[in-house]
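Got some structures for you, see below.
There are two complexes below, and they share chain A, which is joined by chain B in the first and by chain C in the second.
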Partner chain A sequence: MSDVKRMHETLSRALPDIPLEVESAQAGMSWIHVPAEHIAAVIGHLRHTEGFDYLACLTGIDTGEELQIAYTLRSLPDKTECALKISLPRDEAVVPTISHLYGVADWFEREVFDLYGVHFDGHPDLRRIMMPDDWEGHPLRKDYVFPSEYHGISAERPDPHDLLDPEYEACAVDPAPKSDSKEGSTS
Partner chain B sequence: MYHWGEGFAMPTKLDWLLNTPRKNSIWYLLFATACCGIELMQTGGPRTDLDRFGAVFRATPRQADLLLVAGSVTYKMADRVRRLYDQMPEPKYVLAMGSCANSGGLFARSYSVVKGVDKIIPVDVYLPGCAPRPEALNHALLTIQKRMMKDKWSVRRTTSSEKLL
Partner chain C sequence: MTQLILEDQHGETTMVNMGPQHPSTHGVINLRLLLQGEVIAKIDPIVGFLHRSIEKLGEMTPYPGFLPYTDRVDYLSAMFGNQVYCMAVEELLGVEVPRRAEYLRVIACELNRIISHLIAVGTMAMDLGAFTPFLHAIRERETVNDFMERICGARINYSYMRIGGVPRDLEPGLDKDILKFLDRFEKFIPEFNRLITGNEIFVRRLIDLAVIPAADAISCGLSGPNLRSSGVDYDLRRDRPYSAYPEFEFRVVTGEGYRGQTGDCYARYWVRIDEMLESAKIVRQALLGLPEGDVKAKVPRKITPPKGEVYSAVESSRGEMGCYLVSDGGEQPLRVRFRTGSFTAMTVLPKIVPGLMVADLTAFFGSLDVVAPEIDR
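The block that comes next holds the complex of A and B.
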């Protein structure tokens, strides 16, 4: 049985009030889907009782319809891994922080806030971490509109593809003359 | 042989006199923003050896003649690049190294990378490549030297970064 399935059983027994579901992707990876408001409780349990002492990754996903956050936890002594996912509505993405459980989550959550605009309730210092403080919008959202300038620096530059002569491009991709000459030389 | 009394020959000689030591001691700012910086370090190393042209790195813009922008510059970094440039004493030169510094390169369609450092500061020499080989950087430095030899003592170079905006 995979780590995730086993952990799902353990969690369902320990936290019977929280609806948890195992989901998997075609590629074979599976994770536990947790309701967003319970994520801190579930991760707290994994951290303190199941020995998941290492938060390997906390990242955001924008599927177009909703935002998701994926948590990957590891237990270094047991060599097991457990992935959790939550779904959030795009317009009101608020989720409890887990920065009190893992110190590293502090910056991870700032990153997700910066790039996806997810608000982490109870985070001690929720500021942008990568983009400048006065940046507008959250760049990794699917509906993000690219700025045309920032602090007077224009973001316009013609795309080199548009400057190329279309006929030149047609010649460049047409392999016919080359293969002809090759056949001629070998036969 | 040069004679002081002979009219218009003097400015040319003066230019030569001022520019020759200048071009033979290009001190560049130790400043790398991305992977191109690795090639920059390599160019300073023994094989291509920028030292033989009198070019050594300086860790402060106050002592640098050449701002070598090695790598992609983000909007967040842009203010710092401009400030470094403004802190350099005149005459100052800028070498945009790599596709990123030239035009944004492979990040040209991203939200965070400046589409060419010439949007922030005036650039003297563009060096294409991703990353340019140390030999190419060497050649760019020689091009800067040639560029320096053409400078006129009486003509002030356009150096304000404000003018571009």
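The block that comes next holds the complex of A and C.
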């Protein structure tokens, strides 16, 4: 707790133009909220001046109303941690990259781009990492609609409870008629 | 359809796909190589083939029900997935885990680290063409798998821990059997060293190869044995203490480069060998000092942590395994994110690999001890 407050004071003194706020919830840790457009400057300062040399975690969060990105920085020699968070609008999520500060941020940001659709400005190679390149939508968004098929592969499975019902028709899609397949194999 | 993203700009070059089905990639990973003769000019690792959307499943599953999924994050060290998730939920709930349960968790985790490192060093030797060490390692692993079966009923995907502790105590006599195994295991390591670690062919194959400087290791977020072998003295068990680890004495092994340089493939191999002995030491201390008491704290049947977020991290066999958990006060997490050691280890490839020979890539990749499901989750 006190660590975050101390870091907030240090940052506010060094970067007086950037409005920073300490936030916390009912339980768990507290973090410093940073305006999205200043995140690269704040992390750059932490990296070069305060000795936070290690990016432990970078993750996106979709609260339903807005997108957030949480940065967990760590200083290996001092064994301290600093949690930062930014908020982004859902429809136009653009944030400056920090991939020039930490090598690992390259892939972390690609993951957030892939799964949340956040665009990282200045990222050298922003493309999907987990999903195929032609995938539509960003799966970890709360409003993501699950596709019913991908290149003809069905993604829908019957409810196991339905299978117990004697009235249940085993296959929604009719299998190819047997006579047709025979003809296909002989010709 | 993925596009060919490597550009031919080095004169006479060849594009080679190493994987997705390749014995030395330890799972389904595609390494796109641009070769100039035998030398790699550029590498582009393509991952995601094993993406099972565990994080999305976490948002759709109640807190206790998500536990078995955490086994599948890293199937070779499932205990750590259990532990990091339980720790995150416990911190949000404000539950204090009984001391005996913490000890049992440490025992389970360190046994898991031993068998995971056995696989790591065994497969690394196998990647280089030495098959026998792998069999020796697997033989020892079987014994520990039997212990795991007696501890929790499963051999690979344990689902051992629960939110608030562990479900049951050690069965009578198991502690003596584990201690007997540790005696044997501490003699097994020198035997294994005579077999392969000190083998001059093996050593020459690995020393001074693919050196990761400490600065690169930190910047690329390497963690665990990969980070320590570059000479960075950092271990979450000691430096971000959790569970019962502050009560045990152990040495944090760092790569010293006593053959070759600090941060080369041999250092990464050696750190794992040495860490197994340290883990054995911790298990022994935990078994001998096992406190009496309950093994599970009282937690409500319906788990609804208060609003909040937490980042918990454990020192897994493959480095830092972290869990970023966000609760909105409901029965399911708002967000559960796993930060894994294999994912960050992959980011070092484009920095280190260019300039290596193709055959050395196999050795280098083996030394990183990457597990594909843990990259993709």
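Details
The definition used in the following text is that the second predicted complex is superposed on the first by the 158 of 187 C-alpha atoms of A that agree within 3 Å, B and C clash if a C-alpha of one lies under 4 Å from a C-alpha of the other, contacts with A are read in each partner's own complex, and residues count from 1 in each chain.
Criterion: contacts are C-beta pairs under 8 Å (C-beta built on N, C-alpha and C of every residue); 3 or more make two chains touch, one makes a residue touch a chain.
All of these numbers come straight from a predicted model, not from anything done at the bench.
By the touch criterion defined above, A:A27 lies against chain C but remains apart from chain B after alignment on the C-alpha atoms of chain A. Applying the stated contact rule after C-alpha superposition, one finds that A:T59 touches chain C and leaves chain B untouched. In the superposition on chain A, contact of A:E50 is made with neither chain B nor chain C. By the touch criterion defined above, A:T72 reaches chain C but does not reach chain B.
In the superposition on chain A, contact of A:P139 is made with both chain B and chain C.
Between chain B and chain C, it is C that contacts the larger number of residues in chain A. In the superposed model, A:P147 lies in contact with chain B only, and not with chain C. Looking at the shared chain after the overlay, A:W107 reaches chain C, while chain B stays out of its contact range. When the two structures are aligned on the shared chain, A:M131 is found in touch with chain B and with chain C. Counting contacts as defined above, chain A residues 130-132, 139 meet chain B in one complex and chain C in the other. Residue ranges of chain A in contact with chain B, taken from their complex: 130-132, 135, 139, 144, 146-147, 150-157, 159-160. By the touch criterion given at the top, residues 75-76, 78-79, 103-104, 108, 111-112, 114-116, 119-120, 165 of chain B touch chain A in their complex. On the chain A side of its complex with chain C, the touching residues are 24-29, 31, 53-57, 59, 61-63, 70, 72, 76, 79, 81, 83, 102-104, 106-107, 115, 127-134, 139-140. Contact residues of chain C toward chain A in the complex are 1-3, 5, 47-48, 51, 53, 55-56, 59, 91-94, 216, 218-221, 232, 234, 239-240, 305-311, 313, 320, 322, 324-329, 334-335, 337, 339, 343-344, 346-348, 351, 376.
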